[in-house]
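Following are the structures in question.
You will see chain A twice below: alongside chain B first, and alongside chain C after that.
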Partner chain A sequence: MLQNYFPILLFVIVGLLVGVGPILLGWLVAPNRPDPEKLSPYECGFEAFEDARMKFDVRYYLVAILFILFDLEITFLFPWAVVLKELGAFGFGVMVEFIAVLTLGFVYMWKKGALEWE
Partner chain B sequence: MSFPTVVFYVLSAILIFAGLRVITAKNPVHAALYLVLAFFTSAGHWLLLESEFLAISLVLVYVGAVMVLFLFVVMMLDINFEKLREGFWKNAPLAGTVGLIMVGEMVLILMSPEASLGSYKGAAPLAADASNIRELGRLIYTTYLWPFELAAVVLLVGMVAAIALTMRKRKDTKFVNPGDQVVVRRDDRVRLVKMAAVKRSEPVAEAESADQQA
Partner chain C sequence: MMEFLQGILGNEAGLTVWTLLKIVAIVAPMMGAVAYLTLAERKVIGYMQVRIGPNRVGYFGLLQPLADGIKLLLKEIILPTQSSKGLFLLAPVLSIGPALAAWAVVPFTDKLVLANTNASLLYIMAITSMGVYGVIIAGWAANSKYSFLGALRSAAQIVSYEIAMGFALVGVLMVSGSLNLVDIVNQQGHGVAGGSALSWNWLPLFPLFIVYLISGVAETNRAPFDVAEGESEIVAGFHVEYSGMAFAVFFLAEYANMILVAAMTSLMFLGGWLSPFPASWGVLGASGFIWMALKISLVLFCFLWFRATFPRYRYDQIMRLGWKVFIPVTLVWVFVVGVWMMSPLTLWN
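Up next, the complex of A and B:
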């Protein structure tokens, strides 16, 4: 069973090496002689006025949380799809009810305008 | 030491390091990214336990969706973290006490004879073609039907709560509604007014020509 996943482990290790290797190599080999002028922030020739990090609009949060909810819904569909033939009509009805409850929420948010990006 | 054991220890080391960095990193965005690393290594642990569906859903749901949400929340908050850190030593004794109590409870549970972790042999290895997701499907949609349908209701409540808490109509945006744009007719926008012809008086014409010259 676990042997089936050995290629994935190799893939992860090679991916890490390809990603981290060049950065490490550059850090070790490249000349590094910083001075205050080199390290000073450059923004069209004048000093930065304020922190570049600013607050996000709260509506991004709404989009993200709606995405999570439907992501979870999809997750429940995978095991169901695999065993649907064994479960038969009963299993189909179970999922219809599950989707119906979430569709209720979907209609609610559609009507409420949560999907509008004004 | 077998190869899976080596992988387990490597993953555990990464997981503990990532977990420590989550709470010690100064930049909250870095902390969130270390949490992503912790989720990835936990997914590796799930794979070692031969529950691949949970591993994949951990990566898909937590790394793909929940961490995006966390990053949004971190970026939305306008918190001065230097100010938050000022009270560190003042609150340290209380936090340490709570932490010690939690560790003590955990040790008591794990060391108790009822838990019998010492004599636990671990699950028998599955056959190469055993399907984890098939077993899950057989259980969720029959035995655990009730919790499954409850999950739908919990998701619905979450959806409604998120909309109720964060839906704000902004007054200052100039939003175009394409539907309204399409259905608009000529009569809604243009009004033809009948009026008698008027002879233009001379001084106005002069002023206009002066404007054009200027």
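Up next, the complex of A and C:
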């Protein structure tokens, strides 16, 4: 069982090394001539006059929260979907109820304007 | 071969070396495919715009990816003074690691698969979600306004489309009853249409197929959903401060992700390595790696075609499409498929 997952662990390590390798190689081969102007943050030619880590639109938080909600619903649906054929009509009916409640919530947040971006 | 290695190195080390060789046999062609996908992109878009595309370096421009690679290798890697240096260098690694690691469970034919696990699809969902960290960390660490805006947009866009993608996958799981990718493809091989192209998932799950394909384009931040880069407004988005090989790694990750999404679309909706013709057609009806490669190429061609054809979406349009169109469509179709499976007309027994 665990033997199946060993190649995956190795693959993750190789994947990360494929990222580290070229950067190290570039660092060794490429020139390195720092200059204050070159190293300043890019801002269309003039100097950055405030920190870039500024306040941002609250709607991004909203999207993140809604994402967590819906992603959880999907994780509930996954095991159900895999065994749906064995569960039959009763199992389907129960999940229809769940999806109906979820849809109600979705309609509510739509009407509340949580999805508006204008 | 494996016994030979185990004879020399002992059981565990032999197995490790043998697995590493297999991994290299996947990663090396993958890097080649990524390199030539960039050339294919420039050629295809060139011809679509009545240009020739790169044709100076090597015959038909075939050495162009090599030239690009060498050029990027010889460019300085800039570390901006105000950036968080450690995170800044970590971000490209976090971006390409998941993009490659996902290939551990992708089957190329029913025998040719590195790790044939029962949770393949869950693993792919999990590991591809990690890719967004690379983007967010890059945007944050660079400490430039454009990077920051690009990272925010990209993160919100990727998580929004992941929901539609997840619902589309629920539909596939319902009809195949397994999280194992080999089983998902094999299940498409026996339907009322006798395993030909008409019995694959794309037809009964057509709305989910379209939603998955378009969400795949949005997940990889490709045109017309490339507001995270938005070269005409926020110059290059999250990787504006990256140069040289650090930039190249982001670039590799984007294209590796494209190939991954194309492979997943082929496996889940287009029958993977199955032949589009009935099995009675002899050579044409035989399944094999060549069909898988052709299907991946077809989906990739669509990616390039979209980029050449569609103007960029506005950000509010992207969010509206993801939340107000795709999620309702997938919810309805999951319900329809459920009723279909429970009815006597079911295709899936």
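Everything below uses one rule, namely that the second predicted complex is superposed on the first by the 91 of 118 C-alpha atoms of A that agree within 3 Å, B and C clash if a C-alpha of one lies under 4 Å from a C-alpha of the other, contacts with A are read in each partner's own complex, and residues count from 1 in each chain.
As a convention for this text, a residue touches a chain if its C-beta (ideal position, glycine included) is under 8 Å from a C-beta of that chain, and two chains touch if they have at least 3 such contacts.
Please read these numbers as outputs of a predicted model, since none were measured by experiment.
In the superposition on chain A, A:G105 makes contact with chain B only, not with chain C. Once the two complexes are laid over each other on the shared chain, residue contacts for A:V29 go to chain C alone; chain B is not touched.
Chain A is touched at more residues by one of its partners, and among chain B and chain C that partner is C. In the superposition on chain A, contact is made by A:E97 with chain B only, not with chain C. Contacts of A:G19 after superposition on the shared chain: chain C is touched, whereas chain B is not. In the superposed model, A:P41 makes contact with chain C only, not with chain B.
Once the two complexes are overlaid on the shared chain, A:K55 sits against chain B while remaining clear of chain C. Once chain A of one complex is fitted onto chain A of the other, the partner contacts of A:L72 are limited to chain B, with no touch recorded for chain C. Counting contacts as defined above, chain A residues 4-5, 8, 53, 56-57, 60, 64, 66-67, 71, 78, 82-83, 95, 102, 106, 116, 118 meet chain B in one complex and chain C in the other.
Listed in rising order, the residues of chain C touching chain A in the complex are 15-16, 19-20, 22-24, 27, 31, 72-83, 89, 92-101, 103-105, 114-117, 122-123, 127, 140, 142-148, 152, 155-156, 159-160, 162-163, 166-167, 169-171, 173-174, 177-179, 235, 240-241, 244-246, 248-249, 252-253, 315-316, 319-320, 323-324, 327-328, 331, 334-335, 338-339, 341-342, 348-349.
The part of chain A that touches chain B in the complex is made up of residues 1-5, 8-9, 53, 55-62, 64-69, 71-73, 75-76, 78-80, 82-83, 86-87, 90-91, 94-95, 97-98, 101-102, 104-106, 108-109, 112-114, 116, 118.
Contact residues of chain B toward chain A in the complex are 4, 7, 47-48, 50, 52-53, 57, 60-61, 64-66, 68-69, 72-73, 75-78, 125-128, 130-131, 133-134, 136-138, 140-142, 145, 148-149, 151-153, 155-156, 158-160, 162-163, 166-170, 173, 175.
Residues of chain A that touch chain C in their complex: 4-8, 10-12, 14-16, 18-20, 22-23, 25-27, 29-33, 36, 38-43, 48, 51-54, 56-57, 60, 63-64, 66-67, 70-71, 74, 77-78, 81-85, 88-89, 92, 95-96, 99, 102-103, 106, 110, 115-118.
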